[in-house]
């Protein structure tokens, strides 16, 4: 653990979700790197990763300083000793972090913090407003075969996420529609509950033409492939709306899974000083504000919603789900030991989800 | 005085030449050491270390590799879902090879037997240019052709063949929501991108069939069709096999096309890429990688016996 | 007279085949001019030439381009040296293990690219070589060797073995023979092999993704660009320019290797 | 009875190369006909005109009286032994020989039987299972022969079939081919550029020069009475005498030919010559003479005295042996 | 004065092929030495042993008395005219010829001068700027000769240099080569499988059979007194008589040879034969006879009456011409 932040090493290598670390080359207004580089002399290199598994793999391989890990990756990184504890005293803005997140279990182990919260948000239901004149009430439009409001069946016109963590979305749906299974948390499933979730996903396989994996390809699919409903991130929704596509999103009545991302420091980071400078930088209200409008997520510094330091507004935060914190089931890594006793661990989620996509 | 019968060596290069002459193996060794160091030691060595990896396993929670010898990973490989991947890939590779051979043959045959002079150059460029033009951009172009709102649908709409397209898409297993999310689409794209690799060796081996052989056949009373079947086709076989090495192997290992086209069902290349790159499960990735290695080694052995190496 | 002219069905099949090969390329060209920037829809909403200017001004393209050029040039040079050495050895003598070596040379292209990629990645990882331009070059050289080798070995086969002996017979030592006889005769084959290797390296993406660090070559740049669309037509512009740039070397390679190998039956 | 093959004013041009140029030709049925001529003189083209792989630019070709200008090769009952044999490398010897029957749709047992018969005809019984690559040159040649004969053609075309063989084997094959032709009674059309071969095998021969026939007739006629200087020079290693020399030696003022075997050395004569070289032939010695700028040869049989090179000598010969070439 | 080339018990094995098998050989300086033998008999291997492209498995090779076992080809003052000429296709004729001088480091003007000299020697002045591909076979052969001679070798090796030429050209080149050798006085070692060529050109010749020398001597000796049945058969198209027949014809109970030219047809004789074939040679007719299973040939000079095939005849000959083969 560091005790003091010294001179920057001149470089910083970050693994991040796409759209998370912008330097203004997609849109000039969204740039929170250039100034940091100028101020600290730390040149930022970003490697984007599309799934949590990929992030873990990149961190295992090494060569990076920071990662914007979601809850389903963070604990694995901690257990694998790929990340090091953070000295929050070296981060002046720590005090401003949302109280609901400060000691969140996905990055705090035995009271030790392994990172700094970055952003959080729900996995929304994105839909085509030409088909759905009003927002769908339930995730059933992507899970159950049915005719959509335009009178045509949903087969081949919905998508699901191409990551094992999506099993939790099925479990969440079952939590509401099959209470007899007794699911308490979509990330803690015993054999029966797990089996029911997989069955639901197998049924869904027949509806899904192609699983989405990459944010931009999903956008193409909504535009060219006739896809009209899918779980998605606010990021795609915002971009599609900005392109004047007939797209909107909603959080259906079952609630939603979501992600809360943490900037974590590699155990063998080559540029720790730049890394601490970056973590401090990420908590500044302007960045949090702009990032949340850009990505459609929520800032981890609540004042960013209101202090007009960036483009975010109070209404915007509400739309992004700032007030739905309790309704969101954040991604965490499923483990064998759980509150029910025995649960199905993550590695089985991985292989079983591959099998489901493979049609088995 | 006549010149001497034996000339005295002058300089190092004369002496070295004499040494090489006395010890031909030495020169051979010198020639072979650098390439063999690279291919034999580094490349083969890394394949071997990959093989070793496949006998390790992965810690399920942290995702770290446990470097202890175990067959657990292979047990994993033989799970039904993974076998599906292998079989799916093999079927696709076989279909693509067959499809490419069928489409390639007329092109190769025409280029080898009938194209002359300038047309020969046109055919050569016509085959080579698609080969060297960016693979990725080509795949994306295909996505546009095959998309639900893409060119095929557009063309079908214009020509009034939409119902035919729908009928094709309604086929079980190979059909799908649109061409770009179906196996048919994937098959088309694979066939397209590997087609030149099939044409070139095929053309080379067809060019080696002497005209006199065809004349002999006609002379003995064979019709064109009979000559084609009994003489041209068998003699072109080494080229077909050589080409199929490429199409088969390239399909076995590709991970980009199945990611962009098709219905998200995994293929060996994709599995290797995802397991190694995104899931960090190097042992299982390695075990998956062993499958195409074994298949290709067997295939190469067969090709060697069929005399296809000369056609490569 | 026997068959100077192909049958109609063969001509149609060959023609359709060529069309199949070129239709997507025509499309690439078309979409280099589309006005829609984030995704493609058919038909394109409008046409513009602005993407050429945009491409010209994008520094990341130039970076990727120079890197690709550098990688392809060095990998080709390496492959030329190694490929010539093996082909010389292989055509010189029959020796134990000859068959195995020919198999070994073929392996990097006979095995799927992911395998080569992942194997080299682990090897580099274990040897502690950091992923860099060097590792990309080494990866490319591995599969370029066989291209050079195939061309050189074919030429060696055609080269009357006598001329090397004739040179020695006339009093030339091994180095003089190499310089004055072997090199001039192998030259065009090496040039052709080198150009094909260069083009192959220039377009390689699969092995590169495994052996690259943070660098992006043109194909890697395209991969990222295509997945994250902004100014997507720029990728088509680049593809089109690369296409135009490879046209010349490929044509050259053709004319260099044409003599003696294009006459039916004269292959071997 | 119509002739086996008949050319009437046949020409075949390739661009501006006149490969065959106004040829009239009649090949009698059952004969062994040779086409002799230097490289590029149009022999192969003539053969290909008969087999149908080339079509005449102008003129008519008849096979057994029928105009074949619209008959494709596979419908002509004419078979060819190709210069490079053109055996199918992927078939064994038996299947190669049976090929002509197979394409006719004849059943396996029957055609294999016939193939074995042909193989025994060319003395290759027991080689049926080998691939062509496993045979020697002479054996391949015989397989090509058997393959061409299996269809029982009425005319067999042979394009320098012995060109690639070495002398010993070549002589043996010459005897075999000649014997076979006599036994089968088929018309053989045989292309060669080897004078000895043409002379010793043919019943009748045509000497080609630049696409035209320079002379056609029996070997004796061609050898003893060459029609032109070209023929005299090409066929017999004959001495060709310019008009002045012919007259000096007692003949008319015309080109003439004189065979070395009938040329004797003599102590005196109207013209003297210088001995320039001696060439031992085994059966005799060829004495090369320079007679006022014209090179002449005389053969001195073994056992008789030889002149020294550089000495002067005169020549003598039976005046009847001097052949005057009217058409020279 | 030591011999130009000397083999002492030289063998060269390739795996279990005995290409050269215990050869003793002496080639006198300034002679024209021919190596004759069927294909695969080891002629080329012997030549390559002299030039240094093969090393003997056992035995010693001396060139002008010096053991050359450690001398690589480029240091031997011996040059070769290769069978396929092996001209450098990328150089023009002049540079081809000057190559040997160039690698010795001789300046451009000087070596080009010398090359032109050589070209005029082989009658190719003015062809210096052509590429080998633009020459005819005979011209290439002469370039190869000029190239080999430019180094003024003390021994010139020629591996079937005339094999690829057609008969006419071949005879012309034979004369030229022979004349050249006599003019330059260099030792020529000439490989051929053509009997006539060997007999007519060589001062001395070695007949090879399966890696061994079957006979070595002057052409007359080899032709008239073949040492073995193989030589008799190979060299002269001689009649080989088995002991029983030799005795029946009045000789001892030994193998014997009898040349066709001295064999005459006669009305009566101790043994009769059946005429099986007639072969017209131009200068005469070869009559093939079957004498109780042995095939014999007799040459009937042109103009004399010929028997019909199938008839019976006897033979006659000068008893002195019957050569008894002790070593058969």
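As written, the chains take the letters A, B, C, D and E, and residue 1 is the first residue of each chain.
In the analysis below, a contact is a pair of C-beta atoms (placed from the backbone, for glycine too) under 8 Å apart; a residue touches a chain by one contact, two chains touch by 3 or more.
Source: prediction; values computed, not measured.
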item	value
Joint neighbours of chain E and chain A, given as chain labels	B, C
Pair with more cross-chain C-beta pairs in contact, given A-C and B-E	B-E
Per Cα centroids, the chain farthest from chain D	A
Gap in Å, rounded to a whole number, between the CA centres of chain D and chain B	52
Centroid spacing, where centroids are CA-atom means, of chain D and chain E in whole angstrom	25
Whole-Å gap between the CA centroids of chain A and chain B	39
For chain E, residues that touch 2 or more chains besides their own	52, 72-75, 78
Residues within chain C bordering two or more other chains	2, 40-41, 168, 171, 173, 176
Set of chain A residues in contact with two or more other chains	61, 217, 220, 223-224
Residue numbers on chain A that touch chain C, as the complex places them	13, 18, 25-26, 45, 47-48, 61, 63, 214, 216-217, 219-220, 223-224, 243
Residues of chain A touching chain B in the complex	49-51, 53-54, 56-57, 60-61, 76, 79-82, 155-157, 162, 208-211, 213, 217, 220, 223-226, 333, 335, 345-347, 350-352, 354-355, 357-360
Touch list for chain E against partner chain D, complex	38-39, 166-168, 171, 174-175, 178-179, 193-196, 199-201, 219-220, 223-224, 234-237, 259-261, 277, 279-284, 286, 288, 299, 301-302
Residues of chain C that touch chain A when the two form their complex	38-41, 125, 130-131, 213-214, 227-230
Interface residues, chain B side, partner chain C - complex	7, 13-14, 16-17, 20, 24-25, 27-28, 31-32, 34-36, 38-40, 42-47, 49-50, 53, 103-104, 106-107, 109-114, 120-121, 123-130, 132-138, 140-142, 144-145, 147, 149-151, 154, 192, 195-196, 204, 207-212, 214-215, 218, 224, 245-246, 249-250, 252-256, 268-269, 272-273, 276-277, 282, 285-286, 289, 292-293, 296, 299-300, 304, 309-310, 312
